[in-house]
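Listed after this line are the structures, all set down as structure tokens.
Both complexes below contain chain A, partnered by chain B and then by chain C.
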Partner chain A sequence: MTAVAHERASKPIVKRILPPPVTGQELVLVGVIAVLWVLLGIFTPSFLSPSSIQPLLVSVAPIALIGVGMTFIIITAGIDVSVGGAIALCAVVTAKLLVNYDVPLIVAVLVSMVLGTVLGLINGTLIAYGRVHAIIITFGTANIFQFFALRVFGSSTVNGIPSTLDVFGRGESGRTLGVPHSFAITILVVLIAWWYLRNTAGGRHLFAIGGNENAARLAGVKVQPRVVFAYVATGALVGLGACFFIAAGTSTLDQGVGAGRELAVIAAVVIGGTSILGGRGSVIGTLLGAILVQTVNSGVTQLGWPSQLANLFVGIFIIIAVGTDLLRERARRSRA
Partner chain B sequence: MSNTAEVVGSVPRVELSGIVKTYGGVRAIRNADLSVAPGTVHALVGENGAGKSTLIKILAGAERADAGSLQFNGEPVSITSTTDALGLGVQTVYQEPQLFPELSVAENVFVGRELRRGIRVDWAAQAEQMNSLLDTVGLDVGIATRTVGDLSIAQQQQVSIAKALAGEARVLILDEPSAILTDAEIDVLFAVIRRLTATGVSVIYISHRLDELFRIADVVTIMRDGETITTRPIGELTVREIAELMVGGVLAEPRADVEATRGDVVLQLDDMSLAGSFSEISLDVRAGEIVGLYGLIGSGAGEIASTIYGMQRPTGGRMLVRGEPVVLRRPSSAKKRGIHLLPANRSAQGSFSFQSIAFNITIGELHLLSRIKGWVQRRAERDIARNFITRLAVKTPSERQPISAMSGGNAQKVVLARQLVNRPELLVLVEPTQGVDVGAKEEIHRIIDDLASEGTAVLVVTSDLGEVLRISDRIIVIRSGEIAHEFTPDATQVEILAAAAGETHGSEEPS
Partner chain C sequence: MLIRKKVLAFGALALTAALATTACTSRDDTGGGGGGGGGGDDKVTVAFVPKLQGVPYFEAMNAGGKAAAEELGIEWLYQGPTTADAAAQADIVRSFIQQGVDALIVAPNDPDSMAPLLQEAADAGIQVGTSDTDAPNSVREVFVNQASAQGIGEGLTDALLEAMGGSGKYAIVSCGETAANLNSWIEVQEAYTAEKYPDAEIVDIVYAGEDQAAATSMATDLMNAHPDLTGLVGECTSSAPGVAQAVSDAGKIGQVFTVGLGTPQSMKPYIEDGSSSASILWDVEALGYLTAWAGLQLAEDNGFEATNDVSDDLPEVAFDESNKELLLGPALRITSENVDDFDY
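Showing the complex of A and B:
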């Protein structure tokens, strides 16, 4: 009989009351992004110019913005695959409003956000109180939202959108001191969300729910309202993000708006280090994940490579990020 | 059936001798001998932690003994894996049915050992064997095509037994089969067991319900502290004698302090019932008093605790907190009334393993910490965490350590600390020292004592005899969902165990 000694090198235990302000994975992401930018700067000298970086940041903004809400959701061990459909519905309603009634900026943004909030409320209520898994509910609502979006479109694109939303756009009017407004707003939202998650009871409760929903309920956490909040917050951000998408486009909005965006958003969140199993995650990571995803997209285009290579790279990043998370979790379980 | 009656004379079917098993320095089994004759029902009894399940795991190949020998039909054998055990015909039916709820009965029974013709499953042959198996376990033949998830727990257990018999079964281990069954269902189970032993199968029957052993067992082996104390024909013993042998000469330690000051009634239950779990429970707990609720697995004691905490709605009766009738819809409303619960299963219901000790301590009371400014006061949070680490003697270098890195006893103290951040009016503890080492157990008992002397009403739900005697001012024994008896702390372990295990009070003879 051979006694196999299960010896494990004793690793220093990370001391923390909460995850540290910036996690190891986030530092790795910063490094990867820096390396990519340097390489892209070498091979396509125009990459590091403002005229290339600014549109990149404009394209990052809605993904990271909606990613903040998605991070909340995934921290609670949920998911929302309906954001593509929700973006389409918010965008087409807002665009029609602008075309037909020429409403001012504030009204357009408010209407879009209120609509998004309602959509999020529908998702959250069904998930929290219906006790059906989030992927089922949001897969269903994704199709329903898409249906209504296409109904609002009618059979044609929305043409002649006025320039009301250009303040969030790619053009000169969308920037102050060279910084795109949409990106600046996104940074602000990320910082607020970062603070919220770490420092408020509500934020802590999201981690508790995703970490162990049963224990959270027994600790007196009101699980259902918190879950609804995560989806509502995402909905509101989808509303704002839809305005960013309109602004970043041309004066025509077509039926493809929002399509596949849920995957880009979820990719940003998981690459950013938020555990798909719930209980762990950070919005800073999500911002970095969004920058990485958009850098890959933009870089592949600028290098003149076939655009499907972007999918390949993003796919690899997702598998690395989720794979390391699952391996870490497995190691933790076997240790316990 | 392949199991024809074998006449092996006096050779035991299976014989374990001199078994020793140590888990990381803790002796689970010091010295165990077990000899099971063919065609008999051999009961194995002992308190929690006596070593019954470890012994069974060794026989089933799930664990390997450190020392000792094993004979099968007189031949020395070694069982090093569950495959070895199955090869010898040792089949185990665990307490909770281990079945695939989405598959049919037939599919469940033959899963992993499908009869084949070529590469196809031979449905006809399976169906034929299925009929005789279902007949043996007392199920209707028509049930073969039903989905297992649609069956009652009792039927699922019969399916589990059928599954065990589909392989070659010479020794059938039943681990607490009756804990989840009603009386009528137990009758069916016993009929099945008798039919099996008639064909020569040996049954090892583990149970906490001593009264039922007299109806089914031929022989009983009693374990205590990792040793097999004695093996006797069941007819030579009474419930009380078995209970005495289980607890041994250990005397109950009286509660350390003298008479706690009793205050007003904090919790009062009037005929509270929960369909399927307990019925017409009436009790009260006063401020400063520790009431012990003792019950064996399946007695309903745990459900009483979870109902008090608002995890389910009682189906009858009412509950009063400080004299006021309350209806609790969820745990958070119980907490608002000052009722806190230490849940039984620390990892599944108590801890947030990704998070730090501080997070785990304060998560239930963040509203207190964020009352002034609307966000959590980190300094106050840290102070609270450090204060409890000192008060409860949690062994950790820092409040920022993740809870997953801690031992059972320390993790339990952290989860207990969460209940104490805002001092509860009523603290309900379910198995507060399960899976906790002896030192930490003593400390947790001291903490509970201190809390009561500060005026908190305490209800401790436990299946640990020593514990209930050690800390309770009054002991209420729950059996089959009803209050069987109430004891003062000077009761003996034997009296309490006998009441919980089914001795009709006042009578020395089993019913």
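Showing the complex of A and C:
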């Protein structure tokens, strides 16, 4: 009798430790993207050509890359609205190092990532140990990061950014086998993060914290270091993503580089099926969300439709995604 | 302990940030010294509120205004918001009204919401004007116009169609959808293209906001959507280099031509590699100089002549009595020949 009960109890536990590799929401997203790509392929002259898809992937890369970190954060029921300011600060420091100090690219990228990590550490520490809601803290730091970025800009744009950044995806030198390097790096990061979230204790703890922080703490999860880690990881990815953003822009960097990016990143995460309430989410969904948003942006332009329709469609996708999530949550609560 | 230290350190950092901001603001407010009080000393104070501070365009205007202040013996105050935000700009305008400057000149982010504030300033005895962007339905006594919409629109069209050989399809990457000056130039471009270049056609107009990366990717999308496209216009300082970069990335230099309203230094690499044929702009420092001069005339109640001798560089500035506009002059075409004459 006890043996049977034991067996019964242990089986679902094994299942829960390793959740399904792909969720229904991700399959739906793949379907939506596939349908859109086919339709755009039919109704535009060259949406499915390399000259259109390659730039699309270059635009997706920084949003999806930073979105990986943002997914970690939102899974813990936090949020980071400071990434726009952090991008601006990392980007201007990197650009100035490249232009004024002739620093090798790899060093500039590392400096950017270290700087991003420090900014993430500031956010994470204040949120985890200060016990103030993440949106308040990061709203504050967003303005402070922006302030420092503007100081570094010093009332002028950074002109003459060297073409060494092309290696991240611009032109022939930025691609291997047709895949832009920034996108390849992003895929690699997504796969590592996917494995981390699914297969490691640290990853599962992030879900536990977002599901119920007190329960997680009582279960022995070191809540605060895990939360700090989510923001630090985001910071490091912001540092790398800032370099992708410079590479996707022009040879001039202006103070608008980070403006509104936090919302673009959060949109990708939310459309990707990560619950804004925390406790549920996936980095593959975030990648797909970023691809979907950029597909809409490019598609609207290539179809010759008015630009503002892109806002409408992205808005509808966000509402559908959040709405589905909230309905699911409500259904779960009413069952309980 | 460690935590508390970090919080403290952060607090100190924030405080430093706050102090630095204040210091910066007050320095800008008082300009050449002598207090921003306006009535405090004999010098006339002219305040200029740009759409936003810290971009090369308005900083170049500031440089011109400062130069004028030195030559004309006035005090030049310059302060703007750090984002092109109408509300933040309104706060700065209010603070200048409270300081009681002699003349207040604004480049409004939102002309309609600026109008009542200019009324408020006029009621307080301050002479008001606009520069760079007008607030037509306001009490402003002068609008310092950088170039007529006609001049810009025709300048862009001529420069582009010259490169395209007088015919072909082209598209426009604009920025803010509601930007009045951009839209007025586009209107001229449409009418002028139809009239003077019957074999040319504008196939699409898209809006990228003030976002270089978005402008670049939209220009790429336009080239994909119209394989026979041979021209692109970047309608503002962020999309002008953006469209050129897209052409260069697509390997279509010499096949797709671009022109735009870009600041000279940001356009230089593209003008050199041929991805941009020309940039249409005006002498921004001279615009700042003229703005300061106009402020002085307002403050001293001198009025304007039909043509005004402002300085050696601006010997004949026209004033249109019907709409009270000072016109800086014809639009300037920046090409590989003169791009190095400008340091902004």
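As a working rule, the second predicted complex is superposed on the first by the 317 of 336 C-alpha atoms of A that agree within 3 Å, B and C clash if a C-alpha of one lies under 4 Å from a C-alpha of the other, contacts with A are read in each partner's own complex, and residues count from 1 in each chain.
Keep in mind that, in the parts below, a contact is a pair of C-beta atoms (placed from the backbone, for glycine too) under 8 Å apart; a residue touches a chain by one contact, two chains touch by 3 or more.
Just so it is clear, the structure is predicted and the values come from calculations on it, not from any experiment.
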Which superposed partner A:199 touches (first chain B, second chain C, both, neither): first
Touching partner for A:280 - first (chain B), second (chain C), both, neither: first
Partner with the higher number of touched chain A residues, chain C or chain B: C
Touched partner set for A:208, first chain B, second chain C, both or neither: first
Chain B versus chain C as contact partner of A:175, first or second or both or neither: neither
Which superposed partner A:218 touches (first chain B, second chain C, both, neither): first
Which of chain B and chain C A:125 touches, first, second, both or neither: second
Of chain A, residues touching chain C in the complex: 44-47, 49, 51-52, 55-56, 58-59, 122, 125-126, 129-130, 140, 144, 146-148, 150-151, 153, 155-157, 159-160, 170-171, 245, 248-252, 254-257, 259-260, 294, 297-298, 301-304, 307-308
Chain A residues touching chain B - in the complex, by the definition given at the top: 13-18, 199-201, 204-205, 207-208, 211-212, 214-222, 279-280, 332, 335-336
Chain C residues touching chain A - in the complex, by the definition given at the top: 3, 6-7, 10, 13-14, 17, 20-21, 53-56, 59, 82-83, 177, 203-204, 206-208, 210-214, 216-218, 220-227, 237-238, 241-242, 244-245, 249-251, 263, 265-266, 268-270, 344
Partner chain A, residues of chain B touching it in the complex: 309, 311, 330-332, 334-335, 341, 343, 347-356, 358-359, 363-364, 366-367, 369-370, 374-376, 378, 381-382, 385, 397-402, 404-405, 418
